[in-house]
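For reference, chains read A, B, C and D in written order, and residue numbers begin at 1 within each chain.
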């Protein structure tokens, strides 16, 4: 990949590079025409080349992992792929050193410290810092991202839910209570660390919900939908574990307001997404399928009307590791750095 | 397997034995201590041993397929595993000849001819015959089955939905509008005939809904739920295709009536299912999982409360080919023949 | 399941009941008409019902795990499902107490202490005890099993290889050097303990050999083949990990001796296996497939001739957890206890 | 992707674009910085956009399919993805019109018409034309490809086998008889057309060889190995169907000549592949795995020594749709067109 304008390449550092999101992000940056990997950070695999952890990267990404301080020093943009609670201090440091900090974890996603405490069990280290954090869902909040130095990259489920429901709520087409988000995620969502939850024989040929109506992504979804509706919304959110590696499908149910026709809904979505490079609103009669978005930053949305009950069913599909994590993080970097938003992300989904 | 009382074995005929439901039924009958295969019917594979179609049956079920007339003549109980529309004439003939007829297809499931026409596109051949048909969901309608000669074996999705929601509706604990049934089925549900829908590379690593709010099982689910509620109910039903061979998970959402506590719900379900051999109501804190019911007649149900929105989430899991088809058909035969209801069905689900 | 002759049920104890082999064995015994579970042993899950570990067993096998001493006391037959090195002392104790001891581990499989040391790294605790141990592969060594008190249940790969090659070697139809055993196993073979090796995303959509020409089952395979040939044989054995839960396929390559015709080979196999209840020798033109033996004690064998190179290709398929572990252990118990060898094992493989 | 030198883009036509190989090739060309899709040919889907056949391509490759004449007219390079027997006439026409013709089918792979007749059942339409055909395996025959106008793109199995065994045979390190090639392929290898062979429930949780010692790729493998050895070689080749979408693993067994050390073998492979961009020779102790090459043009090779039997085990992994088909075809185009051989193929394999 070449850099069309011979601009200096953006120097990218990735903290937590050896987890699934970090590894995918590393691959995307390695393909990016206007960015380069400055340093990869890992505690568990320090001094080991990333290709020792992921042999698929052999001869492509053989750079050894270093400690976080080195990552920060060498980078213009620092991505953190860390469990929640561990990003706040690093964010402070990066912002102080005038880096762009993009957090793939949950620490800066919720505006409300109270909700963060309730769902994640810790507080805000520095409330002022949180004030400056921008929620990096470009299709909804692009403008604020372009000036941001601290970007909270959205969760995978919240991205799929928000993209799927935002236009209906923004336009006031549907009721704001009784919203159901029934989501299904691939196993990469459970992380790389071996556990009974992600063991092959436990997952394969099985299927079940988990954390029913108790998943930490619930308030994050509600935050975006409330922003759309202009009022506080509570939803019912149930995630399930799918026996596939990648991807999320959210099937969402909302009651239409009296008098709202199917065409009103379609027009609202078409208007909202017509210029979006990464959202494909499918034609009437088509149904979104996880297999059509794997490995790419695309989110497919299909709209279905249950006329018998005046219920709108929205199906939203994305790759939890790309549009739901690493790809969206690159999209945010592109916006914040003022380069083409699709740079490094023009991947066509494989047909099979 | 031996027959404890030395009763004469029930002679069983299976029409449409070479489809997935027929093949599974044949296997269950071959294991049944009080029944035996009298004849297997197939047009496409006439004169071929069933083990030529399914090599797993080699040396166990090598009986060659014959035509339907021979199946009926040789049997006390005739099962039909046919596409809808093809069972009605055979049912007439069997009833006239004093056989018990158990239809695994859809022809006799709906009480309303109007709904049958609307969803299946044909009429009732003989309305009087339909009057005598019993809907064979034993946990709900056991009594009527014991006298029946003509049993409509329920669909796979309707079994999972009805078992999951019946107690809440019967006891009047929840609202009857806004009910969502989000179901996920394994690929055997799509039948054995090769098509783009069930091709490995199309299904594997993919996931999507299909026939959104338009699946033929919708009125059948509504019929059972309406019976529970004592009033007409309309639901929103969305099936999905899971990349697994077997099983159905239905995640269902109902709003609780004001003042109904979680304990009321649990007590209602416990009372309803306490003596049922094939329904396992899981303890609070546990979640039903498809992998725990594969290959058996068990239906697992877990109850979850979303207190933030007063929504009850019911998860119901069964094997679409067993409790959702062949196993339930055997259960119906057992009841109709006056033998132990669990006979031939005491299979412990494999752990992996 | 009922016991036809009203004999007292065999009291069965299982040490290491919560691993995959132990769990499968427990299920088989729970189905067995002439045996019953006396006690289940587990250190890690002491006092927990087995159905807490494997929720599929709920309401079927809710017996709590106890310590090994209690298992031994309560049982006529003790099965041990332990990592190698841990069975020898227990075996001593059981034999001293006049129990039948069936070891699903590797401790008693190899006759040669030298080989055991070389491949497993420990010695024989009691050489006299090892003298009394019988290698429990019924199709080859049935007679010696019927008197045994200490039975070494064969490994999964060695069972598939020995059943596949024994007749050709016993009849002297093939060369004894240059034998290749290329085996592929499902993930249950890697055990239940979560590790990077059995994580869903590492295994799914992947495939690779492991321990190439260095797997501990090598000397065990050679021991059986050497017994067949009447001379020491060395083979090349390469196992692979298949992205399926269960099953082993061994594809084996041997050079035919000059003048040996395809018909000679087929006759030898037919003669050898004609009365075996658990070996299905497929007709010419058919190919053994893992999916036809899952969940059962059956071993399917197909024979293929490469006339261009005078190479016989033998394909042998079995379920690694049944004929390759728990099922064969039950078969050995049946023989040693003098009851019908197929008792509790008459399971027809599912068609899908 | 941008074209660094502002050369005119190569105009590419693809006949048979809607099969799996054609679809993958289309995707690679759509990503190629120095080529563009001029036209896509399909009989079955004429006038339909490719994205109607493969919804993953929506908004990326919406070009409608046209007939073959139009494809040829509009293109500098014509790729044919057709069943064997259908390419010869098109090849003639393209060569006459001075196009470069790259055949992904089998028509021009075998030099010997006799072998083609024996294995494929037809003859050579134009023997002179066959004389000009070059076998497009760049790592072995790069030089001849650079001048070619008619390139036979190798089969998937033959690519994996030839890359894995060529150095050992070329250097005379191993015996030339008794070579075993045990290969395992993903289901895309069976093509897109639905049939009982590629149905989900038949393939999933199953595994088996097929066409044992009778697969048409046998003579093609032998042709390359014979070229390496300088003498006619016969091998035993057994392919298997793996329950994964993509990829081939070949496990190959050759006897080393007396006195050949492991280090000799490794040096030979290192020398042979040291400058190859798409072959990764793994370090001693590592094992090639299908999951590390998916979606890319990389072939991973690992070498293993069975010292007990002086057998060299070579494991060769590639993506059957990329290095085994579409990717290698692009590599051939790049060479024949005199551009950077890796152009459009610098894809890093995904980690999961």
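Here, a residue touches a chain if its C-beta (ideal position, glycine included) is under 8 Å from a C-beta of that chain, and two chains touch if they have at least 3 such contacts.
Owing to the predicted nature of the structure, the values given are computational and were not obtained by experimental measurement.
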Between A-C and B-C, the pair joined by more C-beta contacts: B-C
Magnitude of the superposing rotation for subunit A and subunit B (Cα, nearest 5°): 180
Chain centre separation in whole Å, for subunit B relative to subunit A (CA means): 39
Between subunit A and subunit C, centroid-to-centroid distance (C-alpha), Å: 47
Gap in Å, rounded to a whole number, between the CA centres of subunit C and subunit B: 36
Sites on subunit D at which at least two other chains make contact: 20, 188, 201-202, 204-205, 243-246, 289, 291, 294, 352
Pairwise touch network: line, ring, star, complete, or other: complete
Touching residues on subunit A, where the partner in the complex is subunit B: 177-178, 180, 182, 184, 201-202, 204-210, 212-213, 234-236, 238, 240, 242-247, 249, 251, 253, 255, 287-291, 294, 304-309, 311, 313, 315, 317, 352
Subunit D - residues contacting subunit A, complex: 1-2, 4, 20, 23-24, 27, 30-31, 33, 54-61, 188, 205, 245-246, 280, 282, 286, 289, 291-295, 300, 321, 346-352
Contact set on subunit D toward subunit B in their complex: 20, 187-188, 192, 194-196, 198-205, 243-245
